[in-house]
Amino acid sequence: MSTEDPLPQLRAFVDERDWAQFHTPANLAKSISIEAAELLELFQWSEDADEAKVREELADVLTYCFLLADRIGAEPGQLILDKLSLTRAKYPAEKARGRSDKYDRL
Amino acid sequence: MSTEDPLPQLRAFVDERDWAQFHTPANLAKSISIEAAELLELFQWSEDADEAKVREELADVLTYCFLLADRIGAEPGQLILDKLSLTRAKYPAEKARGRSDKYDRL
Amino acid sequence: MSTEDPLPQLRAFVDERDWAQFHTPANLAKSISIEAAELLELFQWSEDADEAKVREELADVLTYCFLLADRIGAEPGQLILDKLSLTRAKYPAEKARGRSDKYDRL
Amino acid sequence: MSTEDPLPQLRAFVDERDWAQFHTPANLAKSISIEAAELLELFQWSEDADEAKVREELADVLTYCFLLADRIGAEPGQLILDKLSLTRAKYPAEKARGRSDKYDRL
């Protein structure tokens, strides 16, 4: 599966509305938390949630994440891979297998 | 810029640790909120934050977002684009230009 | 049970450290979200959490809530009661009994 | 100022709706994060927010905090005071004065 790059359309959307002025890293960080909570709200009282709504709310979190990545000159997929090498070292497969404990309790 | 697809490595990382059992949509939604708040913490008392830390915390949010997208069979870039067409209709450029108001106050 | 008023000690704690300068409403709102996520983290992978830790993290959320209430000249118990009368009207007992639906779906 | 105890009315409100079944500690922790983000949303693009809305959203966070405290048999004011003695030790006034650094960087 190839990953569709939404960045050109995201940037055009922001430019057409002159919204870059609001998109400071601090404001984008707040926005990510706010949208993450709207996603969480779908699971507030139950383990199950309407999947169409999950897609929409997850899209909102991802949108602000991509905008913040763009703002700091980073590429989302690369950020994930860079962090993954750190996490691999913190959670060695043989120690972490089948456990949800934090790395300092493995 | 082409977007690196981190999904094959993410899936391998999870499989090697047998962690898919913990990654229910509800748990991933909680995880996204938790990591979003760690990102926000970098801006708790100031508009400025250490960029290396921003990259790491943003990577954590993105990681759980990609895992949730994968779990529901969605592709992150496509989710963003699907939502963007809805948002375009809610925030017409000529009305929303230069304003941070919610769509129902434009 | 009478409610202990922690405000005099909270105010003294903040004054001794000259921290009121950081406690703008916006920063306190961020702090409440950050601490709320630390509480949530105790339930990230399980319905059960260590109760001593729940007490500590809940205390952190409450502390910032009380500081924000104080900052805007409000009394926490009174805020709750004022909102409760609004919520009573939105969720009439006979309609809402035993249901976790939002008021617009009752 | 004496603190009004909202607990008797809160308990009656929940009982009349038979909602205690939904109020597990895990669900209340999610609810606190969700409401905290609605408070944060008032400050999403600006340092200033409508004060009537701040009071309402802060009330929602406080309500779930009081319900969780009640659920674990704790008293909100006492929780704050218990935690405050720990925080006093971590942030000695002479070291922390006028600084927003974390305790491990003082």
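Each chain gets a letter, A, B, C and D, in the order it is written, and its residues are counted from 1.
The rule is short, and it goes like this: a contact is a pair of C-beta atoms (placed from the backbone, for glycine too) under 8 Å apart; a residue touches a chain by one contact, two chains touch by 3 or more.
These numbers were taken from a predicted model, which means no experiment stands behind them.
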B-D compared against C-D, more contacting pairs: C-D
Centre-of-Cα separation between chain D and chain B, whole angstrom: 26
Euclidean distance of C-alpha centroids - chain C vs chain D, Å: 2
Sequence positions of chain A contacting 2 or more other chains: 22, 30, 33, 36-37, 40, 43-46, 100
Chain contact graph, described as a line, ring, star, complete graph or other shape: complete
Partner chain D, residues of chain B touching it in the complex: 30, 33, 37, 44-46, 100
Footprint of chain B on chain C - complex, ascending: 22, 27, 30-31, 33-34, 36-38, 40-41, 43-45
Sites on chain A touched by chain B in the complex: 1-7, 9-10, 13, 16-19, 21-22, 24-26, 29-30, 32-33, 36-37, 39-40, 42-43, 46-49, 51, 54-56, 58-63, 65-66, 68-69, 72, 74-84, 86-88, 91, 93, 96-98, 100
